[in-house]
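Below are two complexes that have chain A in common, paired first with chain B and then with chain C.
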Partner chain A sequence: MTQGSPEIERLIELMARLPGLGPRSARRAVLQLIRKRGALLVPLAEAMQAVAATAQECVNCGNIGTDSLCGICGNAARATGELCIVEDVADLWAMERAHVFKGRYHVLGGTLSALDSVGPEELRIPRLVERIREESISEVILALNATIDGLTTAHYIAEQIEPLGIRVTSLAQGVPIGGELDYLDEGTITAALRARRAL
Partner chain B sequence: MAPGRARIAPPRRHDCERMKLQMDWRDEGALLSARPHGETSAIVEVFTALHGRHAGVVRGGSSRKLAAVLQPGTQVAVEWHARLEDHIGSFRVEPLRARTNAASDRRSLFALGSACALLAFSLPEREPQPPLYAATQYLLDALGQDQGWPGLYLLWELGLLETLGFGLDLSACAVSGATDDLVHVSPKSGRAVSRASAGIWADKLLPLPPCLRGTPPGSTAELLEGLQTTGHFLERRLAPAMGNRPLPAARRRFVEVLAREAARE
Partner chain C sequence: MAGLAVTSLSLSHFRSHRSARVAADTRPVAIFGPNGSGKTNLLEALSLLSPGRGLRRATAVEMARLPESIGWKIAATVAGPHGPHEIATWSEGGAARQVAIDDKAATQVALGRILQVLWLVPAMDRLWTEGAEGRRRFLDRMVMSFEPSHAEAVLTYEKAMRERNRLLKDQRRDPAWYAALEAQMARAGAQIQSGRERSLARIARAQEGAGTATFPAADLALSDPEGRPAPEDAGALAEALAAGRRRDLAAGRTLTGPHRADLEATFAAKGIPARACSTGEQKALLLSLVLSNARALAEDTGASPILLLDEVAAHLDADRRRALHAEILALGAQAWMTGTGAELFADLGPRARRLQVSDSAGTSVVTTLDE
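And now, the complex of A and B:
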């Protein structure tokens, strides 16, 4: 309890809803913000207000930006003909952190799931097929999670775009950098062995 | 004892042991589904050998380590514990074997999704189904490995219908009693009909390809005919009994994949 200050209590309550935070850690974070009012609280409030006013989904790829077209879709240099399909915006940001992929993205917004009744219409698959036609895409890279739902979605998309006659690839699966064989499950070892290559 | 006051008998020792057994058990089974629960946990459904389809909370089920284990089809050892029998309870899960063989091929991956979704859709909770459990184990192990898995899948759907009380009788013609030249199934009774007895109603009857009677399917088209027949009973008999919910989309997608393949053959 903050001894009768509803504004602060409301802030704690809202902060506690964020992932990774509970009531105790939210209280600590709010206390820290108040102590560093000028350096932290005011700039944070301003930044949040600005993002709340401008953040939106890119109409083309589903990325989150501050314009109707995100920075990647608006950049002509990224029109390499390669299109990387990811499940979520967080995956797109993870790919961008690696600074390896220079093409464009398409965010599905989930995977096909029989249990949760998520079908192709709920995902952005029809829009994907449109984009492949409009943007003269030469290769589609399926960068979906290596889960059963992710693999099912990847195969489904591959089937949908097969008639368009473009190259469809997926990320390799196997031993992660720094991984030790002893700690890997048999599924990963099987995938790694199947995808072995000559040195 | 005061008159009129009900006497509450203390629990007997074997009652306590029975309750203990019901609220704290170990088993193994195939994982059917996992949904996130809160930030770190997951609610999973497992088709177990001795306890049927059973749900439970897995603490830390969203962690990087456990999320890889909680994939549909994975064979897991589970330890279930609850304070009361009707609580959802919590599972401690250990992987026994991943069914990654199914992921090696498009058709087997969709078959795995279809089988797990149908089981999660139709099985009553906490009722053991030993024959169906054995058939499911056999099918999941065969997916992507055994070339005859498509035929096994079809027979597995027949077994599922049988277990749930909608079994087909394909042993003899419903009209004449003949056991030869059975090529149709009645969509109403689920019984076989011979070519001779079908007469003018042949186009209103469902196909009975040899693969529905245990012969390995000769082509994808034949397998599709068999799935058309089982699909009819899944949709018209099973789904209405499940509160008129539509069949899982995973089954339809599996049939679509096969249909595209048949068109290419």
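And now, the complex of A and C:
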């Protein structure tokens, strides 16, 4: 309890709604922010205000940026002909952290799920087909999660773009770097064995 | 042969048990006490050490002790050929049950990799005469005991089928969406089909030469409600699903696939279907299949599974009861058996551990009568 300070309680309550934070960790975070008012709280408040005023979805790929066209779509050097399909913006950011992929992305905004009433129209699949034509895409890389919905969506997209005659690939599945075989489940070991390659 | 054994079991706020602790060794466990004292609840708790909803197929909320309804926990130590494991499973606030193996969060499927639990309960008495769903579930549990990954194939298949059924109910006509779901169903469905066929063949081998008057052999076969042959592989199943879309749209559900298969049993010595056998014969066939499953597992894994036999002894005459007990001892299986009276297990003598369960003002009390 903050001994009757509704503003601070409100802040704690909002922080606790963030992923990875619970009521206790939210209280600790707020306490730290208040203690470091100049170094953390004020700059954070300003940064949040700026993002709240400018954050928007990229009209082309669905990434989140501060302009109508995100930095990747606006960068001519990223027009390599490769298009990576991801479920969510978090997946795009994860891919970018690796600094390996030099092409562009397309964020679906979810996966097909009839039970949750998410169909192709709710995802950006029609726009994907347009982009493949407009941007002279030569390869589509499906970087979707290896869940049932992810695999169903990958299969659906592959079928939709098959008539366009471009290369469709998906991320490999197998042993993670630094991973130990003993800790892998049978499904992952099977996938890794099937995708084995010559050294 | 050394078998798997639950060497300690503790229940907290589970059904009629507020707090119960049971220590056991590798011997069979005879549990007796009056009706409604909480014997089957002990077996249900043990059944939750394997994947699924347990022997009553109850929800997590239904298993909470009333009136507190504050959630429940089961903890057990399991000894086996690969060393001991600590298993805990619990549910809080009506949430889905959680599992931890050796203090680490685990999936239910992972339970099947360290512990095989087979059961026979009175609710299965009408297995051969009621709907096919119960027989499929019985068969799939048998397959899972041999191949734990069968559970994943079933979950994948059912999830994809639920999605497809929603498309059918909503009268969606998007061939690519159907094809994407059917590809998932076909891959998992083919695994389910081949796993079932392998397990039936394994049970048949385990029954060879083992059929007796007490535990008669059963010829088992898979059948289709419309008499169609099962698709040979994933490609054939995908084609069959695609070909059936129009009919499925009219029905609003999927009418082709392993979820429609049935398990047929024939009393081998008499050549008559199990559903036409007497009540006693039907029960004997079931018991015989459970024992054959246990025998096959013991041969394949080097460890007999844990058996849960609820009210089985009461339905057998003294000779058949002795034969059952002899079979369990020969298997080296830790069988947890319930009955209303201690006399049902008298022939086991010190070869079994004896637990008495009684009711004290709505709370079960478990007493170990001998060490």
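The rule we apply is simple: the second predicted complex is superposed on the first by the 199 of 199 C-alpha atoms of A that agree within 3 Å, B and C clash if a C-alpha of one lies under 4 Å from a C-alpha of the other, contacts with A are read in each partner's own complex, and residues count from 1 in each chain.
In this section, contacts are C-beta pairs under 8 Å (C-beta built on N, C-alpha and C of every residue); 3 or more make two chains touch, one makes a residue touch a chain.
Being a predicted model, the structure only gives us computed values, none of them experimental.
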{"item": "Fit or clash between chain C and chain B when superposed on chain A", "value": "clash"}
{"item": "Which superposed partner A:Glu186 touches (first chain B, second chain C, both, neither)", "value": "both"}
{"item": "Which of chain B and chain C A:Glu159 touches, first, second, both or neither", "value": "both"}
{"item": "Chain B versus chain C as contact partner of A:Gly20, first or second or both or neither", "value": "first"}
{"item": "Partner chain(s) touched by A:Leu199 [first = chain B, second = chain C, both, neither]", "value": "neither"}
{"item": "Which of chain B and chain C A:Ala76 touches, first, second, both or neither", "value": "neither"}
{"item": "Which superposed partner A:Ala53 touches (first chain B, second chain C, both, neither)", "value": "neither"}
{"item": "Which of chain B and chain C A:Leu151 touches, first, second, both or neither", "value": "both"}
{"item": "Region of chain B that runs into chain C when the structures are aligned on their shared chain, from 91-99, 163-171 or 199-207", "value": "91-99"}
{"item": "Footprint overlap on chain A, where chain B in one structure and chain C in the other make contact", "value": "112, 114-115, 119, 148, 151-152, 155-156, 159, 186-187"}
{"item": "Interface residues, chain C side, partner chain A - complex", "value": "149, 152, 156, 159-160, 162-164, 166-167, 170, 172, 174, 176-177, 179-181, 183-184"}
{"item": "Touching residues on chain A, where the partner in the complex is chain C", "value": "112-115, 119-120, 148-149, 151-156, 159-160, 186-187"}
{"item": "List of chain A residues in touch with chain B within their complex", "value": "19-20, 112, 114-117, 119, 147-148, 151-152, 155-156, 158-159, 185-187, 190-191, 194"}
{"item": "Contacting residues of chain B [partner chain A, same complex]", "value": "33, 35, 39, 67-69, 71-73, 95, 97-98, 100-101, 103-104, 106, 109-110, 112-114, 116-117, 120, 248-250, 253, 257, 260"}
